[in-house]
C-alpha cells in the first residue's frame, strides 16, 4: 500500500528554466532490500533544497546517489540532460561525521589544499586561493592548526572550506550542523546562506531539524518510508515563500514560517496510513 | 561499494577465495620445483619439493624424525605449561595489588623485551647442558606474555565492578574467582598463545645449544653434514608444529571471546 | 616514608635494593661461581669492554645485521602488506600461504642459512629478514584496511584516483600503524640477530655472550646480557619517542 501523496503548496515542476538535476523514477537496492523507490525530484539551478524525514529513510542514500558515489538500481539521474556516472569535479559533499572526513595529518590549510591538488591547480596558485577560502569560513587565523586542535564547529567549517575550494556548482550537505551546539549552528546557517547566495550554488541540505529546513530552504522535500515495503519515496514537496535575506529572529517569527512549521510538524506526526 | 552481498553470492565468493588461495600456494610450490629442476639453485642448498617429501616420509617411517618431533613437542608443552601456570599465579599475585604492581612495573618492563635466548648461556653456566636447563629457559622466556596479560587483565577490571563487589560483600578470593579471572580469561589465552610460540622457539634453540634430542638438533646436524632434504623435512615438521599449536590455541581464544 | 617516594621511583627501588643485597651477600660469602658475579664486577667488565672497543664493535655487528635484515624483510613485508590491504582479493588469496609460512619458527631457518651462506653477515641478516616479513606485512595490511572509509570517499568525490589517492590519503592514514609494526619488528630483529649469534654465527653480541660463558667469565657474560637488554630497551624507547613526535598533532584518533 503506497503512501498517498498529499500535495500541498507543491513547488512548480520544471518551470521556465530547465532543472539542473532531474531524478526520474529513481530506485536503489541494498542487497535484496529496496531502500528508495520511485523517487522523482528536480533541483533547479541555484536552489536551496532541504530534505527532511525520519531516521533511516534514505536521506543520506539520496545524497550519495546525487554525488555519483552510488548508482541507482532503477530510474535515471540526469544533470543537464546527461546521466551522472560518477563523482564530478564540481559536486561537493559535506559529510555529517566531519571528524572522519578531514585528514588528521595535514594542517587546516593543507586540508583545503587537498581539493586544489586534486583539481591539479598549480602549486603557485594554491596559496592565493586557500587564504580567502579560510577567511570566508572564519578560519583565517588558524591555517597552521591541525584538525585535532580545532573545536567541532571549526572542524565542520574546515570541511565546508575544502568543499568550497572545489568551486562547486552543487553542494550536498548531510546533517552538517547536527552535532554542533545551538549558537554555532545558527551562525553557520547564516554564513552558509550568505556563501551560497553569493556563488549561486545549488544546495541539497539534509536535516532532521524542521525549523532549520524551513529557515534555510527555498524548498523543503520530505521523504517517507512505505510502511509495507520499507522503501522511501517523496511524500511532500513544499515551496518556502519566505523573503531573503533570512534573519534568525525576524524570519522565525514570520507568520509564513509559523504556518509552514505547523504544517510540517503535523505532517511528520501523522499516523501512517 | 559497501553493498552487502546476498548469501548465494557470498558462498560463491568463499569458494573462489579457497580456490584462489590454493592457486597461490601451488604457484609458489611450483616455483620452488622449477627453481631446483632448472638448476638455478644448487640442490645442496635447496632440495626439490619431491626430495624433501621423500626425506619427510622416510624420516617419519624409520622413526628418527618422529621421535625427534615428539621430543620437541614434549619439551615445548612442558615448558609452556610450567610458564603458563607460573605466569598465571604470579600475575594474579601482582595483579590484585596496585602497590605490588607499582613496585614491580619497571623491572618487568625491562626484563620483558630481553631476548630469552640471551639468558640461555647464563642458564648453561648455572645448570649445565641438561634437559632441565632447557626447560628452565623455556619457562623463563615464555612466562612473560602470560604474566603481563594477567596483570593487565586484573588492572583493567572496570572500577564499577570493584564497587559492585564491595556492595555485595564479596571476599577478596571470591572477587578474583568470580570477576577478575573470568574477565581476564581472553587476555590470558592470548598470552598463552604467544607463550606457546616462544616455547617452541626456545625448545629448538635449547636443543641446538645443548645437543638434546629433538628437531632442533636434528636439523642442525643435517645442516652440518650437508644433508639438505633431511634438513628441509625437519623444517617442514617444525612449521607444522607451529601451525597446529597456534591454530588450536587461536580457536580456544576465539571461543573464550564469544561472550566478552 | 615509603609513601613519600614517588610511584615511579618506587619501581626503580626494587631492582636497586636487589642489586645492593646481591653485592653484599656475595662479598660476605666470598664464594666463586661460574654463573654469578658481583654487580660491581659486572660493571667493571662492561666498562672494560666499552673501553677497549669490543663492546662497540660487537654492538655494531649485531645492530648492523638486525637493521639490514629488517630493511630487506621489512621492506618486502611492507610492500606485500600494502598490496594485500589495498586489494581485497590479493589479501584473501594470499591468506592461505601467509598463514602457512608465518608460524614457522625463524630459528629453524638458521641451519638453512648456514648451509646457503656459511657464516657471516649474510646468513644472519637472511634469518632476520625472513622473520621481519610477517609482522610488517600484518601491520601494513591492517593499517591500509583500517583507513577511514570516509576519507576514501572524500578522495573519490575530489576526483583522486589510483596512485594519487594511495599517496595522498591511504599511505599517510596507514602510517601510524605501519610505524607500530616497524617498532615491534625492530625488537624482533634484534632478538633474532642475537639468537642466531648464540647458536651459530661467530660475530656480534650473542657470540660474545656465548664465548664469555664458555670461558667461564660470568662478569662479562652478565654484563653482555644486561647490555643486550639495554640496547633493546633503548631502540624501543627511541622509536616510541619518534612515534610521539611524528604523530603528535594528529590527535588521539591516529
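Residue numbering begins at 1 within each chain, and the chains themselves are lettered A, B and C in the order written.
Everything below uses one rule, namely that contacts are C-beta pairs under 8 Å (C-beta built on N, C-alpha and C of every residue); 3 or more make two chains touch, one makes a residue touch a chain.
By chain, with names taken from UniProt: C = ABC transporter permease.
These numbers come from a predicted model, not from an experiment.
Closest chain to the protein centre (all Cα atoms averaged), using per-chain Cα means: C.
Ranked by the number of C-beta pairs in contact, the top chain pair here is B-C. Chain C has its Cα centroid 50 Å from the Cα centroid of chain A. Annotation: 18 Å between the Cα-based centres of chain B and chain C.
Not a single residue in chain B touches at least two other chains. Multi-chain contact residues of chain A (touching two or more other chains): 69.
Residues of chain C in contact with two or more other chains: none. The touching residues of chain C, counted against chain A in their complex, run 148, 150-151, 153-160, 164, 168-169, 172-173, 175, 247, 249-254. The touching residues of chain B, counted against chain C in their complex, run 2, 17, 20-25, 28, 44-46, 102-107, 110-111, 113-115, 117-122, 124-126, 197, 200-201, 204-205, 208-209, 215-216, 219-220, 222-224, 226, 228, 231-232, 234-235, 238-239, 242-243, 246.
For chain A in complex with chain C, the residues that touch the partner chain are 67, 69, 87, 89, 91-93, 95, 97, 99-101, 103-106, 114-115, 117-119, 146-149, 166. On the chain C side of its complex with chain B, the touching residues are 7-8, 10-15, 34-35, 89, 92-97, 99-101, 103-112, 114-116, 149, 187, 190-191, 194-195, 198-200, 206, 209-210, 212-213, 216, 218, 221-222, 224-225, 228-229, 232-233, 236.
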